[in-house]
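Chains: A, B, C and D, in written order; residue numbering restarts at 1 for each.
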Amino acid sequence: MSDKVSLPAPREAAPDGARGEPLLVAEGLTKHFPITGGFPVKRRIGAVQAVDGLDLTVRAGESFGLVGESGCGKSTTGRLLTRLLEPTAGRIVYRGRDITHAGRRELAPFRAEIQMIFQDPYASLNPRHTVGKIVSGPMEINGIDPPGGREARVRELLETVGLSPEHYNRFPHEFSGGQRQRIGVARALALEPKLIVADEPVSALDVSIQAQVVNLLRDVQRELGIAFVFIAHDLAVVRHFSQRVAVMYLGKIVEVGDRDDIYRRPRHPYTHALLSAVPEAADLMDTPAGGDGSARASRERIRLAGDVPSPIRPPSGCRFRTRCWKAREECATEEPPLLRAEGSGPGHLSACHFPEPPTVERTTEVILDPALRAAEGHTESQPPNHAQ
Amino acid sequence: MTATTPFLSVRDLYVRFATEDGTVKAVDGLSFELERGRTLGIVGESGSGKSVTNLAVLGLHDPRTTEIEGEILLDGQELTGAPESALEKVRGHKAAMIFQDSLTALSPYYTVGRQIAEPFRKHTGATRREARLRAVEMLKRVGIPNPALRVDDYPHQFSGGMRQRAMIAMALVCDPQLLIADEPTTALDVTVQAQILDLLKDLQQQTGSAIILITHDLGVVAHTVDELLVMYAGRAVERGTVREVLGAPRHPYTWGLLGSMPRLTSDVEEPLSPIPGAPPSLLAPPPGCPFHPRCASVAAVGGDRCRTERPELPAGRGAACHLTPERQRAIFAGQIKPRLR
Amino acid sequence: MTPRTRSPRRRARLAATALAAGALVLSACSSGGGGSGGDKDSGPGDDKTTASNYSIGTKADSTGPAPEVPGAKKGGAVGVLQRDAFNHLDPGQIYYADVLANQMLYNRSLTSYKVDDKGKVKVVGDLATDAGTASDGGKTWKFTLKDGLKFEDGSAVTAKDVRWGIERLYAPFETDGPLYIPQWLSGDGNDFRKALPEGPYNGKHLPSSVLDTPDDKTIIFHFRQPHADTPFATAMPNIGAVKQAKDTKQKYDNAPFSSGPYKVGEYKVGKSLTLVRNEHWDPKTDPIRHQYADRFEISFGHQFADSTRRFLADQGGDKNALSFSNAVAPEMTEKVLKQAGTKARRFVEIQPYVDYISFNTDRLKDAKVRKALAYAMPNGQILQQNGGATAGVVATNYLSPAMDGYRPTDPFQKKANPAGQPEKAKALLKEAGKLGQEIVYAYANTDVQQKVSVVVTQALERAGFTVQKKEVDANTYRTAIAEVKNKFDIYRSSWGADWPVSSTVVPPLFDGRQVADGAQNYGHLKNSGVDSEIDRINAIPDVKKAAPEWQKLADKILEEDVPGVPVFYNRQFSLWGSNLGGVRYHPVYGTVDPTSVYVK
Amino acid sequence: MLRFLVRRSLGAIVIILLISAITFFLFFALPSEPALMSCGKNCTPDALAVINKNLGLDQPVPVQYWHYMQGIFMGRDFTVGHCPAPCFGYSFSNQQPVWGTIVDRFPTTLSITLGGAAVFLVVGVGIGMIAAAFRGTWIDKFFSSLSLVGGALQIYFVGVIALAVLVSGLHWMDNPAYHPITEDPVKWFTGMLIPWLVLSIIFIANYSRMTRSQMVEQLGEDHVRTARAKGLGRRTVFFRYAWRGALAPIVTIFGIDLGSLFGGAIITEFTFSLHGLGRLAVSSVSETDLPTLMAVMLVGCTAIVVANIVVDAAYAVIDPRVRLA
């Protein structure tokens, strides 16, 4: 309806644009997906503890990275933050307002301010709608009429994301994967959100296209001052995009801190293992051609055993202990709190009873995988500590 | 075999698919060689022809819709045009393959043990009992705990990493001399990927087989392969040892790939330098150099050469580019390398 | 409603569910062509059955054995293909065509119809020595049983058994059969049951002042009113002998105790029935029935298309097969008429059933309007929708040609104008000042009636009516139109006489005192003149003399009161296997008469 | 497996009870009057009342339902006598104990459906596999167009033609009839052959098309490619890997088709003058014969539910990923 005026944002709640002010706060955020079964009547017999007691703060205008392996609960966290899922426990406070259990109507003003970008650009666009319709959709739903009209705004947005305004009347199938993800970004930007949750936005794209989209998101984030929760499994991409990073493992944050805290001075053994597992072409790029030797020379090499345990019955105490080379008895009984470890900078928290030294610049070799151990001739039997 | 004949030699390979929209030139004149005990990495984005090439090596394309030309010599045996019966003897025996998605690449209907034992029985004539023992042994070798029990599990009862190990066990069960690994770790988590890559490398050291590793991830090849082939739009655009290609890349496409990759150590304040545009359609690839519509060096070559003339990939180290090797080196050192910091 | 088969509702439902729509389309396509062929061929049906065909037989006529059929042989099994499973074997429950034909083989009644090879019908004594003797002005009727009558176990049939057979009709479970005799004896409607609420089962019996059996051979009825057509009423199958010791009440329906030439061999309810020879039946006592075949093997579930196909193919056992009541499937009519060699094994005969369109005189009060409707009604086209010439003949008056005393009167000139006379109708409407009169037309939602509704609507609108169609669910159609206070102006109805005397037609259809929910005076005609005329004719002691009077009254009602218009007289088109002889038409039942059938 | 069976059976009982209640109450919601069927021509409201009393229809519907259900489990007394459990009452239309009728008719329908299903599964799946094996060739195109024609056919139409040609025209076979398999297996087989073929024709078309597309899809699956890459022979790959994968969806569809198979049986029974449950169902509706209708519904539903449980169990055998619980 044309007589609907675009709603003024409820600015009185929190001073807008103050970078660094907490925008979104999650406390004890928990999501358990029930598993039914049993006999003879089906009932709840357990739960996938997808997210379990998560505390995090996203500040206005910052880019917050959420990294972890599959099943760590990062995507669930994203859906909880945007309230696409109802949390089992915990609180979500957006700009000072508790929206944990807000209903449709109460959420309406925030819906426009929190947007989401999805992994699969194919699945998230309606193939029967034109690009114009897709991008203007959120404006229509929220009854927002920007000055100059919706179409003009859409064309402007298309330009912003690197598409041509002439693409307004095209259909999604006429675009390549990267372009489709650009359409998704344009749609998320349509309502001038304050927070965008991007769930694996580039992982379905080819390397060269992935870089284009990462650059686009970076520009959007920086120039428009939008806060981002950037969810990805690719550590290098997260590092490139995020000012602060949280590492998740089995539904919990094991370490959180500024980018350099995590990538240069990690304290949690899992963060170390993750970083050491990333195959880096750069290891060779910096060394001149020729010569032999291993590329791993200057980095620690940590090879864990097996896969991540099931989130249905996570290990007691510290959840990482089953794959950790430093694990001791108390790790099984006592859950390590997320704390600032001795020697860490401010805001750098890790959840470990026995934190690692704060550097990756070492030549530690930890081999837990039995097949590797056998093949590489490690003869000792399962030493708990393998640091050399 | 004489020492001069390479173990695997692919010459002027063309693979074309007949589709409703026309003929797709998936592989367009590709040549490479591989020796025993060596690992060749083939890197490229989707549609570059890297997987198609390797399916052609084992003759796994549907002959009704695929046209294959060229020469594939495996240990002196010509595989293009070979009868199905001959190919069946090669597959899984002399040359085996590991696929990307172990969930779909293993049959959900049979136990892991049976799927491992099957090619062993077929190729060695072993009894059911022997084959089963072999399967248990293979599972143990790839690091599956309790192999004697897990041998009777179905693939869905395995975790993703374990399934990929089982697939490796299946591929290696007949001690193949050539192992083709097609994106073997793409579906895996990074910690598991590291285990699998190391495992492949360790197993190769034990068996001395040749490996072709197909991937889109330059990081993966950096740690695993000896030689590297970069493919774009069905053609090889650069070749060399992995140190040569990653340390001093010559082809503008390779520069683009490296510039597109964020690194754990790069300067986060600098944006990535992606390749503009998107890969070309293989139904109607651009004339001349297929990369020219996205290439920043067209001006450096000058004239219409890039648009009209197809650059050849020299034998040995080199790139399929109209820039002279000197210009290639100069541009990399002067303009590209600083940006990669 | 119509006793044509068990129930038209059922017929319609089966057609709708079982047959694909294609079959119905086929039938519509072929009925045009088949119709004319049927006309040429239908020789016997048109004029043979006239008034003179019926008479009351003498004592000599009632004496057995039945005249031999020339060429008849003993032995063999006759197959009978029926569509619907028999709903009853208990003679007390039998009313409708298929089971009427069937009961002839194992059940004998006090009187019965003797049909000769020319189609002439005499009412003769069956169990009784003659057709009964009246006294007391027709209120008392006396019957004497023949000698040598036996049940299937060899025991003699006595007057006590006949009394039992009649008295059990008073029991509450006997609801399906005709109730003339009990009602004449003990009261109208359901009141008669009060005379013997449990039937004879608790040892009570009707007093001799009502039903008298002074000895083993004599049965005397003392009716409340005179009834000249008693010999016809006693020919209903339920006025016969039931042996008390074998009466299993409801279960008797599956195991009737035979007094006829055949008895129940094996009965798989709903599937098949085998009748085998009754060795204790004495042909000398029976003026009607033969015992040529060894067995009758009756099977159910044969759609008309199936039975017709098998008779046409004439293969194997089907050569010895017939059907009591299955007609030739409409879509195969032409094929049957054209195929060589079928002429000797088929007939098309008039049945005692008439289709009407009733006019609700409570709503259409102006007789001119009703006359206009009668003129406008397209009888010929309606008949076409029902299957054409082999399914019926255009009706010209209320009484069927199968009735005694029938005359081909035609007050609305239907014979000459089978499509109706819209101009005449329009003129009448104009005269009445009712041009554009709205007519609420109710019809059942069966395929045939839907097609009929189209031609009726067109014809009426041509004649200046405005038609409002009201489609009624076939299951509730009868209840809906039988409601006195219904909101319809015209609707289809049909009626079949229980015997060929019009006392079973005119009173139920036109007696103003019988207007009630559920009754058959669908036109709601209330004319005291008509009512007193009905009483007068009913009192005439000689049914032969009464017959022309009924016709006159029916014609007068049609011409003056017009509570409806007759549309067509139904016909039965039968075909049977080539190896059977003695297959005749039973003009009273409207089916094949199985009593003289033999295997060649 | 046992758990699965017990749980599914419990669920089935609930479903069947629900269906019985719905049928029962729906019957009375319909504008139908069962008494009319036994009312002859003398049908007055008086006479109807008598009949309604005879049939027990004068009581409130819930009471009738209660008596009915009681009868099934504990037997019931009627004026005719005691009716032992399982007592489904006496038919309104022919006063027969309904259970006896059901027991009599059930084997016919079972024979028609099982035999028909066997024919269309074997032939349909076979044709589909052949077409898939030779996909793109004239063999494939021949079978594809054949199944297109077959899919357009109707049982009634094919049935009439089959009878006209095979029985009346060429005299190759006798009129279809049901003979108990226990008495004469050969007669049973020959008597049922035409109904089977006719019933299966429309399904054959469906199943061959579905099998072909499933096989083609499976042949393109990664795990089939893996099997080939292991050096397994074409035949092994085709039958052991592709077919096994195609089987699961076929079994699923078969489970869904059970209902229409029963529907097909109704038309088949009418076309071939056979006496099965389908015919009984239709006649009980048209005759407003509540006890028979109820019994047919209950038996039919039970059969379908049981068959579905069997299909689900078979599915679990075929696909180890499906865990029964």
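By our rule, contacts are C-beta pairs under 8 Å (C-beta built on N, C-alpha and C of every residue); 3 or more make two chains touch, one makes a residue touch a chain.
Given the structure is predicted, the values throughout are model-derived calculations rather than measurements.
Chemist: When contacts are scored as defined above, which chain pair ends up with more C-beta pairs, A-B or C-D?
Modeler: Pair with more contacting C-beta pairs, A-B versus C-D: A-B.
Chemist: Could you name the chain whose CA centroid falls nearest to the centroid of all protein CA atoms?
Modeler: Given all protein C-alpha atoms shown, the central chain works out to be D.
Chemist: Could you work out how far the Cα centre of chain A sits from that of chain D, in whole Å?
Modeler: Comparing mean C-alpha positions, chain D is 53 Å from chain A.
Chemist: Starting from the mean Cα coordinates of chain A and chain B, work out the distance between those two points in Å.
Modeler: Chain A and chain B have C-alpha centres separated by 30 Å.
Chemist: With chain centres taken as the means of their Cα atoms, state the distance from chain C to chain D in Å.
Modeler: Each chain's C-alpha centroid was found; their separation is 39 Å.
Chemist: Could you work out how far the Cα centre of chain A sits from that of chain C, in whole Å?
Modeler: Chain A and chain C have C-alpha centres separated by 87 Å.
Chemist: Please output the residue numbers of chain A that touch at least 2 other chains, ranges allowed.
Modeler: none
Chemist: Which residue numbers or ranges of chain C touch two or more of the other chains?
Modeler: Residues: none.
Chemist: State the interface residues of chain A toward chain B in the complex, per the touch definition above.
Modeler: Of all residues in chain A, those touching chain B are 69-70, 176, 178-179, 206-212, 214-215, 218-219, 233-237, 239-240, 259, 263, 273-291, 295-296, 303-308, 369-372, 374-376.
Chemist: If we count contacts the way the header does, which residues on chain B are in touch with chain A in the complex?
Modeler: 45-46, 141-143, 145, 159-162, 165, 189-195, 197-199, 202-203, 205-206, 216-224, 241-244, 246-248, 256-266, 268, 271-276, 278-279, 340
Chemist: Using the touch definition from the top, list the residues of chain D that touch chain C in their complex.
Modeler: Going through chain D, the ones touching chain C are 30-33, 36-48, 50-51, 53-54, 79-80, 93-96, 101, 104, 154, 156-157, 160, 163-164, 167-169, 171, 174-175, 266-267, 269-275, 279-280, 282-283, 285-288.
Chemist: Can you list the residues on chain D that touch chain B in the complex?
Modeler: Spelled out, the residues of chain D in touch with chain B are 136, 221-234, 241, 244-245, 318-321.
Chemist: Using the touch definition from the top, list the residues of chain B that touch chain D in their complex.
Modeler: Interface residues on the chain B side: 58, 60, 64, 84, 88-93, 96-97, 99, 101, 104-109, 118-119, 122-123, 154, 156, 167, 170.
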